[in-house]
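In the two complexes that follow, subunit A is the common piece, with subunit B as its partner first and subunit C second.
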Partner chain A sequence: MSTQTLLNTLIAASEYALVGLSFAIIYVVARFFHFTHGAVLSSAAYVAYTAKAQLRLPLGLSIVLAISVAGLLGLVLELGVYRKLRRRGATKLTLLVASMGLYLVLQNAISLVFGDSVRVLRDLSHDKSIVFYGGRITNIQLWIILTTPMIFTLAWATLKFTRLGKILRAVANDSELANVVGIDVEKVTLIAFGVGSTLAGLAAVMISLNVDMTPTMGMNVLMMAIVVVIIGGVKSLRGIAVAAMLLAAVRHFGLIWIGAEWQDTTAFLLLSAFLLWRPQRLFGLPLRRASV
Partner chain B sequence: MKLLKVTTITFLTTSALLLMGLNACRKSAETRIGIIVPLTGGSADFGKWAHNGAELALAELNRQNAASGKRFIGLYEDTQMEPKLGLSAFKKLVSVDEVTAVITSGSGVVLAIAPEAESTHTVQINYSAVNPEIRKAGQYTFTLVNDADVEAEEITRFAYQTLGIREIAVIYANASYGVGTRDAIARSFSRLGGKIVGTVAFPEDFTDVRAQILQLAEMKAQAVYMVATINDSGRLLTQADELGFKTQWLSYSPFESPEVIRIAGAAADGVIFTSSNSFDLTNADAKTKQFLDAYVAKYGERPNLYAATAYDAVFLLAHAQASSDGTREGIQRFLASVSGYQGASGVISFDEDGCAHKPVFIKTVRDGRFVMYGP
Partner chain C sequence: MAYLEHILILISIYTILAISLDLLVGHTGLLPISHAAFYGIGSYTSALLAIRLGVPFILGLLAGMCIAGLLSLLVSLHALRLREDYLAIATFSFQVIAFSLFNNWTRLTKGPLGIMGIPKPDIFGATINSSHLLLALSITLAGFSYAVITAIASSPFGRVLHAIREDELFAQSLGKNTFKYKLTAFTVSAALAGAAGSLYAHYVTYIDPTSYTVPESILVISMVIIGGAGSRWGPLVGAVTLVSIPEGLRLVGLQGPAAANLRQMIYGALLVVTIMIRPHGLMGKRGFRP
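Moving on, here comes the complex of A and B:
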């Protein structure tokens, strides 16, 4: 029980963390809740499904195609919708509403084309579990657990040691100041949408290989990822990773003491607890009263 | 100038009256049936099957009535399986579209609509919801499927007497139908002397249910009864198989869908379930055969139980309209007296609670096919 629960926690945490990271990259720069991210996730999964199950392309190529389409979709959304709205003076609230509308349109478009039944990307005959210290784990789950830390390490190194990372951090800290010193904030926002959406594509492919896909899959996982980002702090990679572990542990180990019907409730109780008692997030410094 | 004004007013008034008259004529020649189903969201498949079955019935009715000029129209409203959306849709259909009867789905939706159906004297025919509470919903609610109590009775008796199972765990969707069926299983199995060792809930349209499966494994029951939608049943069995959790799975009518096999593959083999679906029986009667052939010809796939019950619901309402005085009360009186009606989903007779009883079979999955249970 405990090994398996631990493994399940690790798998879920890896998924939350990866989706959380993809969401946070866009949020820190764009500064609004990009709900269409959920539809980008679902779209990537269905592109992979179309390529593999319908066009009979090899799995590897289908995955690359799905991730690329997700990245492109992110760029199209930014260039075709959000940038235009910003130039017309749209507020963050307008962008949020637009994002929710776009999510609904995309999700319903997927439903219309593919139906609402579960679609299966994995190969039914080759998806057998490996026994690991009394727990069971499938190949794709192992990939999820291994890939996420690698992506986090890459993200940390990029932010810390590259020029792009410095620019991203600058815009995240103060976009107006970044603009004043000559950083092209529009370009950085576009890059953030591209990178965040590409990562969402990667997450979507892995999640759909693990637990199959439905048109609403993106929003289901995005809700948990948003909780993780709020608890961990949108600018903290360490915070997102630890918050993902914390949330997954609460959802999986929590069932030992409380009924399973409260599983989703526990996630939002955790969020409420943080907002009430630790608004500075996991690794943030407490706010001090300041006067000028 | 004055003449022009008078002419214009006369022309407009005459046109308006003419249009109103035409509209009234059209309405009198039209029978509108409200169809309140989930068309989007995680349960949209239920709506799709109902839509297919209902459209087939409407097309047949319109063909049969072509000479008389009478037309039957289905007015669809989306519920996403949400009771509050279902209730708003019902109110809109009754007050704006003036429908005299509706077809509904989903235990939560049916129960939410029931009081309003009573107060407006509007019949609702439920083609899929199984919560036993629907039995007490009132005289304007009719049900075309066995409720959870009927199926629970059969499966628990079979498990207890034929399989020798004494301990069962239940995993159920945290929704009205899930809770209702869980309670029905607990009642009937306890009556037989069996023990429910535990129950575990999961959210509908889940992605990960492994934690719940581990809880089931801890319970060490001889069998697990699964109350889930088609999509969720397939995923649940897949994840249980990946975790190496072996048990005797038991389930109910909605399980009998090719979608489950497509999602779960070999993990679905061995599941035993109750079925009210007689489509694959060789002794299928003429009406069922006719429906089956027409459905396959139109949609290129085999129908399931809910396409058949939605088809029957449309025909029952058309008969009620034709055989009664056409008022809401008349339609209710006609339906309450229906007995031995041969529908596509089997013989329909409503009991005093407005529920139809269908024969229940015990089936299983063998080599990816639904077959009657037996050696």
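Moving on, here comes the complex of A and C:
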């Protein structure tokens, strides 16, 4: 049990939690698994890469650009595809399938343009690391570990104290009832897509600064984020945070006994175990259909 | 000519996959993302039995079907209790786990190296080598699968599946044990996918994990939806369409890794376009929504 493993767990947990939050914001409002989110994540990273490596823009500007594009992409997806489908009575499954198709298109577009090999965003000469009780942590990793709790706190405060937060919670809780009391659910959905996708952009940029980027990086981290969100409970910030820690711990401390190639398997076995034995999840509402 | 026969054999294999998936998607209203896993289980079972134990093709095929059907219980028993989109996630997990096993359990499957030298199919000792006979075999198996699924769909069992698709709660209120029906359909679907896998393995004589991934599952889903889920000829039309297009690309000269990306883009785009402008697919009845 080394400090390094602990640090790696914290970093991974932060990544899962942040991506999970970005996904959950969309899911609680839109009510379907928007797989294209994986492509939104990857796109953000590659926009930053294009801006910095091809257009030679400064890193800060590249990051801002990337996050903006991610948010815009989310809005475009909602306005251009999902809203139209919903108006025609699409079910959750239909939207899910559409999101899978969209993901294929976007991810392969990235692969076509940039190739499947790894692209580096960070300045390799700038990598500074601090030694901390026997474990090494780089600058960006420190950023990741510090930013995530800040964003979670911000999210918590927004949801609890602001009007927007209350409206979001209302729609997440019962969108029909929210509609009845006069909330514009369509607008809230759009906002959720915007916020969730923007947050995803931030997460993607940080992740790619840490471990570089490939076209499938988005889906890879999204898979873990989905596990986290389902286990932790979509409506519970606390749940997402705890589940992220749990998953990261299982994956990293599990390396002591099982090889790295089994990490995905352990993550999904964990999910399956939860779906099977504890559908109440950690803190959320039961997902078992209330079929009588 | 041999090239055309090759395409037709591929179409036959994908027809088996599409029609077996359609039993769940079109007739029962479920969306599993695990079909490629059972395809792979069938392939690996049949291939390993043939190579390690010299098991003849027909037995290998049956074994592939049985193992796929049996292993499907690992996912169906818990996934079928979940709501529709959580079923997708649960089957997605199974697919990822299955691929991981294919890729990392190297003792059994040789991992990314794949399994080489799988013997061509043999019927009672006579090896089927010529492309004409292989095509005949493939079409026979595809026709058989089609007949089975069509028979199920028009049977009383099938009518209950349709009822589940329309309103599961209502079907339950009429006294039907919907879980048992879904479970049975799922097992049959997985077994047929295993059969397709076995045929594929013995036809191409080399398999590796990359044929049994999440995008492959999505490809079969696309065939079903684009062709027309729940319709009589939809899965066949879907298989023909989605196999022909990348081959068409190849004829135009696009090769290499870029072609693979382009192919997936086309699948994805066709899927989205179909859902947006013609959700009942090419052959489905207007008003039907998967």
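Keep this in mind: the second predicted complex is superposed on the first by the 281 of 292 C-alpha atoms of A that agree within 3 Å, B and C clash if a C-alpha of one lies under 4 Å from a C-alpha of the other, contacts with A are read in each partner's own complex, and residues count from 1 in each chain.
Methods note: contacts are C-beta pairs under 8 Å (C-beta built on N, C-alpha and C of every residue); 3 or more make two chains touch, one makes a residue touch a chain.
This structure is a prediction, so every number in the text was calculated from the model and none was measured.
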#### Entry: Superposed partners subunit B and subunit C on subunit A - clash or fit
clash
### Query
Which one hits more subunit A residues, subunit B or subunit C?
C
### Query
Is A:275 touching the first partner subunit B, the second partner subunit C, both, or neither of them?
second
### Message
Quick check on the superposed pair: does A:120 touch subunit B, subunit C, both, or neither? Answer first, second, both or neither.
### Response
first
### Query
When the two structures are overlaid on chain A, which partner does A:108 contact: first (subunit B), second (subunit C), both, or neither?
both
### Message
On the A-aligned overlay, A:4 touches which partner chain: subunit B = first, subunit C = second, or both, or neither?
### Response
first
### Message
Which partner chains sit in contact with A:93 here, subunit B, subunit C, both or neither? Use first/second/both/neither.
### Response
second
### Message
According to the stated criteria, A:264 is in contact with first (subunit B), second (subunit C), both, or neither; which is it?
### Response
both
### Message
Under the stated touch criterion, which partner chain does A:255 make contact with: subunit B (first), subunit C (second), both, or neither?
### Response
first
### Query
Looking at the overlay, what does A:216 touch: subunit B (first), subunit C (second), both, or neither?
first
### Query
In the combined picture, which part of subunit B sits where subunit C already is, 9-17, 27-35, 63-71 or 81-89?
81-89
## Note on the structure
subunit A positions within both the subunit B interface and the subunit C interface are 108, 111, 116, 259, 261, 264
### Query
Considering the complex alone, what residue numbers of subunit B touch subunit A?
40-45, 48, 174, 200-203, 205-208, 210-212, 214-215, 217-218, 230-231, 234-235, 238-239, 242-244, 259, 262-263, 265-266
### Message
Considering only the defined contacts, which subunit A positions touch subunit B in the complex?
### Response
1, 4-5, 8, 11-12, 108, 111, 115-118, 120, 124-125, 127, 129, 131, 136, 138, 207, 211-212, 214, 216-217, 220-221, 251-252, 255, 259-261, 263-264
### Of subunit A, residues touching subunit C in the complex
32-33, 81, 84-85, 88-94, 96-98, 100-105, 107-109, 111-112, 116, 223, 226-227, 230, 259, 261-262, 264-265, 268-269, 271-272, 275-276, 279, 287-289, 291-292
### Query
Which positions of subunit C touch subunit A when the two form their complex?
31, 78-79, 81-86, 88-90, 93-94, 96-97, 100-101, 103-104, 168-169, 172, 215, 218, 221-222, 225, 257-258, 261-262, 264-265, 267-272, 275-276, 279, 289-290
